[in-house]
Every structure is written in structure tokens, then in C-alpha cells.
Amino acid sequence: MERKILLTECPDAKGLISSITNICAKHQLNIIKNNEFVDNDANRFFMRTVLEGYFNDQTLLADLDGALPTGSTRRLESAGRKRIVIMVTKEAHCLGDLLMKAVYGDMDVEIAAVVGNYDSLRNLTEKFDIPFHHISHVDLSREEHEQQVIEVVQQYQPDYVVLAKYMRILTPAFVEAFNNKILNIHHSFLPAFIGAKPYKQAYDRGVKIIGATAHFVNNDLDEGPIVEQHVIHVDHTYSAEEMAKAGRDVEKAVLSKALQQVLDEKVFVYGNRTVVFR
Amino acid sequence: MERKILLTECPDAKGLISSITNICAKHQLNIIKNNEFVDNDANRFFMRTVLEGYFNDQTLLADLDGALPTGSTRRLESAGRKRIVIMVTKEAHCLGDLLMKAVYGDMDVEIAAVVGNYDSLRNLTEKFDIPFHHISHVDLSREEHEQQVIEVVQQYQPDYVVLAKYMRILTPAFVEAFNNKILNIHHSFLPAFIGAKPYKQAYDRGVKIIGATAHFVNNDLDEGPIVEQHVIHVDHTYSAEEMAKAGRDVEKAVLSKALQQVLDEKVFVYGNRTVVFR
Amino acid sequence: MERKILLTECPDAKGLISSITNICAKHQLNIIKNNEFVDNDANRFFMRTVLEGYFNDQTLLADLDGALPTGSTRRLESAGRKRIVIMVTKEAHCLGDLLMKAVYGDMDVEIAAVVGNYDSLRNLTEKFDIPFHHISHVDLSREEHEQQVIEVVQQYQPDYVVLAKYMRILTPAFVEAFNNKILNIHHSFLPAFIGAKPYKQAYDRGVKIIGATAHFVNNDLDEGPIVEQHVIHVDHTYSAEEMAKAGRDVEKAVLSKALQQVLDEKVFVYGNRTVVFR
Amino acid sequence: MERKILLTECPDAKGLISSITNICAKHQLNIIKNNEFVDNDANRFFMRTVLEGYFNDQTLLADLDGALPTGSTRRLESAGRKRIVIMVTKEAHCLGDLLMKAVYGDMDVEIAAVVGNYDSLRNLTEKFDIPFHHISHVDLSREEHEQQVIEVVQQYQPDYVVLAKYMRILTPAFVEAFNNKILNIHHSFLPAFIGAKPYKQAYDRGVKIIGATAHFVNNDLDEGPIVEQHVIHVDHTYSAEEMAKAGRDVEKAVLSKALQQVLDEKVFVYGNRTVVFR
């Protein structure tokens, strides 16, 4: 007996829930958990169904395709452990948090490798017996550098790529290579403070909250679909550096919460929006 | 065409979602929104289904009764405006917030009447053209007083009774009269600081957070099923009085959020727990 | 015996605290509470001193002027009740919250009058026996309209002007007339979603938090010095309208918290920043 | 030139700030930052003064003793890096977070050693080149075990002892040995869920928030003076295990924030309360 997750997205229509659940019943699959949402503005239907039983993937998907309206997408995902590659620059806190969680059982994920454009985090990564690839961007064009990164990442065939404070902007080619598979942590509550040095921007603006945003990466800088955001309160006594330090705890909490939801296949991405089921 | 909400609670079993949704489909009812949850520890299934169409309540419920396992309960609730009676003592903030929301469109509810064991809030209530009943407890036994309150409240046939800082403990007879229909706001983050003067208790304990809890009332003091909780941070500069003042904004926000969920029929109560669907 | 608040702002220098407190001691004034902050980037010193005793304001301020460096400002404010005028458009929630707090003792403030560019909130205001002035902007130039508003507001000589969802942009002349005395509530976590329809903007961007910002008004739209900000979490189930509804509770909580701090003379404004002492 | 922190606590009296700051001025010490608080209920005065200059500790303290009322305490603390010993049982997350922060510069602290009553966390500790002492409690009386722990801890002469999920109750002898120097993280928002298995207790109670509390340890179980608390929202979909997992991120954030404040000498402890200056 296996457990899989069926993710259905389609134009809204009458009777979708009963159609889909009937097909599951016909396949003798037990529904462990079901979440449903209709975006009325977009007229789109989303359903996440955790199924248990003996799967014949091909006939199940064929049956669904027969029942769903034109313009539907459906995926059948394993409920098991996923594999990720983490990309970093120099900051250790998000990487360290993910390593700790993966190794000590707080997150069921395989960190296949860490790729850095500096060598700074090799030591931390290797402490946890995970391969570290230093791919320097120095003296390379953006395209050349990314091509090397893509090759290394692809050899691990990750389910998701996690940018854990990777401080370089990705090209459309990279985004294309891992479409809807790249999760980034941005160190501000987007859409405020897009771009570089958000804590400096926040300090200069005199804000009383700082925050972090985990989002999927598309081709707009810091503008992808948001998965999770959180803020903390600051006051006039915080320098830009103290904001950055306090913000790091938010960044790692937001990234790891978002990643857990992504690994659990609870997230649908459509346009600039996400559905994140509980 | 009408909109109604079907609330199903039963022992967990295979095929419940498809059974229920099939019956809805057979009745030509469109599912606008569906939420489902299984409490695996309790082996209980909960589903909230917003339906649209032409209802034949009796045959629909009969069909459901035929399909659901023994030990099921199901309710078909109107999706329309509900009627409440509010009970108060002397504090104005929760009552004022509900009056403002009801009158200015932030909450779709009919406040049928306000009952106070003091006359202090008559003036506020009547500003909003809502009847106020002063039922003094002075010189009455608890039972005598409550009997008068029950009679007045019952004449309004409220869907829910809201204790908006009603500072008297209810007897089992009262709780029985409005079983699972009484929503209370307690001015602490339960289960901390049960009982009287929670802000004084909080101050004496030197806590760094204060909060509020909205819960259904059962026969244990401040121990009913929790619907909503929230806290705010305080520090050493807060006196017990300043904690109480800061807490009042949390109390009213928590009460009105909980009440909205209750009015929307998003809350299931079972044992000492609630399911609160989004 | 009286209580007053001394607010000192000056270039940072050695010995400021002992100089100032010595002058207070020489005047036989007891320091009830003292807060101090140095902005090292700006090299500015801020101190708020609550004093008790018999005041000779002129000699006290003269003594301070003799002791403080060039470029200092100091104010001696009454610790008593302040007077405000509230400006509104059509939304009731912030006004209602302030009226409730002023009347029922949660905020020690005199609401001298309410001015609206629509007549919609007359009824609410007059329920609480406070004068309401309807000054329509229809058929008037911005300058003409504002001139009428300024005249009405000035006749009440308010300590502060509170924009409780006043949905018109103020001209520099207005800002000048009540310099550093105008507190506004903006319905987003600034600097995100500046300008019109922030909840619609937030919905379109797919954010997972919404918030509110209370700030002093200067001549940049929604860009004045921030006093207080707060956010709440939302998810994909919120429509733009539901975000707006949920946001109203944050707006009123943020505005009233900020106003309390302003009334307590705990806020220093400098450039685009504030110091808000606890 | 040096920087030190003067911490003064005494019965409240007139003129304390000017007395103390005058002595600092007389010693040619510049006040970098000053925080003051009076607990009116307890009639106690607290002041934290960051000083810069050339210190003659003995004469400074003698001058202060001459000026302060009977019943005063004052300490002059180095503003430099402090040394801690961390005590653990089996859970890795708080230890891992502190190790990461100490090694990667987010917290300026020397972790002198880690002591565990199990050997489980030796590997993690030694990854970061910090000595680990396994002192098993098996076959020892509580007093025998603690005596061994005290000896090991004392040889490092720590400024503070941090219980990072040390799951054994300390005896009065241990608390005495490191009086007001032991910081603990408790995995609930105290005073709710004192004692064992707080997440199980929280789950059984059906709460909608879970949290963590960092507090100094005295001889009442989970009842010491609170330094920091925080909560997160949970809902009916969380099992007790999921609450525990979500709670771990709060625990480590609360512990490290509290520890930072303790290391910065911003915390006064008196009775069951703390003053935590910003």
C-alpha cells in the first residue's frame, strides 16, 4: 500500500469534487485528506487529495483526464521524501538551519548538494557530510557561470532548488531550467524593499517592522509568487545592522516553513499567486 | 436559488467525501466551497460544504442519513444573516466593537438585544437603537437571576449568545439552555490565568505576553472549547492597569474574529476541541 | 504640585544627561521617568523626562538653553489631557474606535470635533455628543476646500489632527498649518502599496500579510515618519474585500496605539524617522 | 579607552539619575546609552548605563556606594564577550542554533563547553570544535549527578549557564551554585502547561496558540523570572507532534533572543520579575 498526492487544477465547473472523488473510489483509493479551493476571480479550481492504496498511475490519470474540463492540469506526486539542492553565497544562517533540520529530523528532506558562488560555506556544509560545489562567478559572464551551475544542479535531479541567500540574480535560462521549482528567501516583506540591501532601505525609511518573504522565482526580480511571509517589530534603537541580525531569524523561519509546505506538495502556483493548503 | 451550508460530522470511514458529494450532485446542488478534516486520534470526520441550488431539505437529509455511518450528525444551515443576543456587565469595548461592526457593515449579524446585569451599558446600546435589558442580580439567587436572563434571551430566539465581558459564572442550567451556542471572551491566553483578574495574575507573574481567548462555554469555568486566541507583547513598563487597557484591543479583536467564524458556520465543537475551517 | 514632560533634542555631546538632570534637581523637580536615546548615525540626542514639582517654566527653559549645545530644541509639555480634531471621509471603524475609547475611558483625550468631506459619519459622531462639520469638497478647488477645513480645525486649537481614514491628499499649505501635528493611518504596511486601493494592490500581488501604518504627514504622499505598524496573516482564501475587512481591525488598533503614544508625548520626529519611547 | 556597563538597582529616591550621572561625569566617563525604570509598586529604581572612558573601578564603585541609598546593589560589567556553558539532553535544535550563531557571528559569545546527560549531541557539538562532556545520570542519585555537573561547569567559570532543552529538574544546590546565572527555555507560554509534555497538554486542551518562554531558573519548577516569550498560531490540523515541531522554531528564537539580552546585560531580575531594557 502506498500514499500519493493528487494535485488537480482546472477551470471551475459543477461536480468536480464528486467526479474526482468518484474516480478515486473506483480505484479503491482511500482519501486521507482533501483540500479544495476555488478562486472565483480567476474561475479556477484547486484540489489536493492525499490518497492511500494500490496505484495504477496511468489508468488513474487517464480516468481523470477523461473527466476534467479542457485546460486542466493534474499531477500525482509521491508523498515520500523529496530531494533538494541548496544554492548559497556567503551567509550561513539559512543553510545552517536547513542542514540542522534535515539531519536532526525536523524536516524530511534529502539535501543532495550545496552550490556556492563563494567557497565560504564549504566547511559548514561538509560538517554535515553533504557535497559542496564552489562555482565562482569571477571572470565569467553571467551566462557562463549559470551554465556551470545548471549542469551541477541538474546532475542531482532535485525536486526543488532552494536559494538560501543566493545573492545573484538568475537569468531567464536558469529559471526556465527549473520552472516553478526554485524557492527563494528575500529579506524583506515584499513588495517593500525590492532589490539590494533591503535592511538598509528599511532603516532609511524608518519602518517599525522588518520581515522576510519566501517566494517562487520567476523572471521578475523579487517578484515571484509568494508562499510565506512574516515580520517582527523593531524600534528606533535598531541600527541597520541590528535589523539585519534580527531579520536573519525571521528569514530562516520563513524559508523553512515555506519549504516544508512545498515539500508536502501543499502549494499551487498560478500567475503571480499561490494557493497554500493547510 | 438558495445557498446553504451542510455540516457533517461522523466516525471516519472510506468514501465519505464521494458519498456526500454524490448526494449533493444527485440533488443538483453545486458545491461552492468544501472543507474536510479527519481527526485521526479521535477517528472523526468533519466536512463543511457550501451548497447552491434548489433545496429539498428533508430528502437531502434523509439521503445523507442513509449514506452516513452510525454516530453521524449533520446540519443544514442557512448561509444568511444570524441573530445574536449579547450579554454584558460593565465594560464597553467588546459591545461597542460589535455594535459598530453590525451597524456599519463589517459584520453581517442582527444584534437582537443586549442584556446586562448592570444598567451601565444601556446608553451605549440604545445609541444604536438596540433594546437593552437590565436584569440585576442584586438580592437574587444565582438561579433566580439566571432564570430571568434565560427568559429574556429565549424570547429573541438567538442563533448564538455572546458573552461580551459578562463577568458572572453561568450555571449548568444556563449552559444547557443554549448548548454549544454560547461564545465567551476570556481576557487571558487560556489555560493560563483561569478565573478572576487575569491581568493582575499576569502582572504578578511577570509575563511578557498578554492575550485573549474566545471559547464556547461549557460547565468548566473558562474551560470550554477554544475558537480563537491571540496575544500581544508587553514589557516591564506595563502596570496591571496598562496590561488591561492594552488587552482590551486584543479581546475585542479575538471575540469578533471568533464570532465571525461562528456566524459563518465554520466551527465544529467536539469534546474540548474545535475545528475551525478557513 | 504639577507633572510636565520635558522633551530635549540636540546634537550629541558629553554630559548631556547629567547637565539636564542637574538643572531639574536645582529646580527641585523630581524625575518620575526618564528615557534617553542617541542616534549615532545622525549624532542626535533625544531625552524625554517626566517631571513632578512646582514649575517656573521660563527659568527652567532658560537654564536649559544655557546648558544645551547649539542646534537644540526643547519643549515642556503638560502631562494632562490633549485635544484633537478628527478628519474622516466615509469609513466608520477608526472614528468609532476613537469615540468609544475617548468616551469609555480607554484613552484620555478630548475629541473637540470631527470634520468630514462627506456627511456620512455625522450620525455616528453626534451619538457621542461631539460636533460634526461637513465640509464638502464638491465644486471646490483643493485649495478652497482645504482653506475651509483649516479654518474650522483651527478654531478648536487642537494639539493634534488625526486623519481617521480621510481619503484626500493634503496640500503643503495644510501640512504647514499643522506642522508635525497630523497623524494619519494608511491601510498598508508602508512602504508597500503606497497610494490608492492598497488592499486591491495587496490582493493582486498575492501577499500573505496585510497591515497598517500610522505616520505623521509631511508633503510626500504616504511617506511621512512612521510611528507604528502592524500586520496580520492572510491566505489565498481572502478576496480583496475580505482583506479590507480584516485589515480594518488592524488599522484601528495601529491608529489608536500610535495616537496614545503621541498624546503621551513619547514620540520625537526627525527627518523621515521617529523615536518612540516606551 | 574601555566600555563598561553600570547596573544600578536601589529603592527609589529623588535625584538618583543626577547623582549617578554626576559621579560618571566626575570620573570623565561618557554615557553612551542610558536606560532607567522605576517600579512604582515595588518602589525600586533600575538604571543601566553604558560608559566609555578610563575606569578606576574601585573609586567609581565607592563613590556610587556613598551616593546611593541603603539597600542598593550596583555592578560594573565588562561590555565585552561573555562565556557560557550549555546544558542539553537529546534535542538538537536550540544547541544547533546557538552553535551556528556563535560561530558565524550572529551572537558574540564564547561557548566554552556543552554538557549532556546523554551522549547524543556530542557529534553536533564537536563539529563546531567545542568540548562536550557526557555526564550520565544513570545509576546516580540526583545529588551525585548534579555534583559532577557542577564540577565540570564550574571549571569553565561561565558568566551564564544556558539550559538548551535540558530535561531534568535542577536541585536547589545547583540553582544556588549559579544563582541568577541559569537561563532556561521552556516549551510553552508560561504559566500555561507547566511541567512535562507541554505540547501534549496544549494539544489536549485544544489551544490555538503555542509558544515558548525563556526564564531564569529558581527553585520553583518552570516558575522563574521570565525574560522573553513568543507564540505562534496553530489550528485543528496540528497533531501534538506537529505542534512540537512548529514549536521548536519558536523555542530557539526565544532562547537566543533572551540570551542576547542577558549577554548584553540588559536584564535585571528581582523577585519573580525582570526588567529587560531595549
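Each chain gets a letter, A, B, C and D, in the order it is written, and its residues are counted from 1.
Criterion: a contact is a pair of C-beta atoms (placed from the backbone, for glycine too) under 8 Å apart; a residue touches a chain by one contact, two chains touch by 3 or more.
None of the values given here were measured: they were computed from a predicted structure.
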item	value
Least hop count linking chain B to chain C through chains in contact	1
Pair sharing more residue contacts (C-beta pairs) when B-D is set against C-D	B-D
Farthest chain (mean CA position) relative to chain C	A
Centroid distance [mean C-alpha coordinates] between chain D and chain C, Å	37
Geometric centre distance via CA averages, chain D-chain B, whole Å	40
For chain C, residues contacting two or more additional chains	37, 233, 235, 237, 278
Touching residues on chain D, where the partner in the complex is chain A	92-93, 96-97, 100-101, 104, 106, 124, 127-128, 235, 237, 245, 248-249, 253, 256-257, 278
Chain C partner contacts - residues on chain A that touch it in the complex	37, 39-41, 189-193, 204-209, 211, 225-231, 233, 235-237, 239, 272-276
Contacting residues of chain A [partner chain B, same complex]	14-18, 21-22, 24-25, 30-38, 233, 278
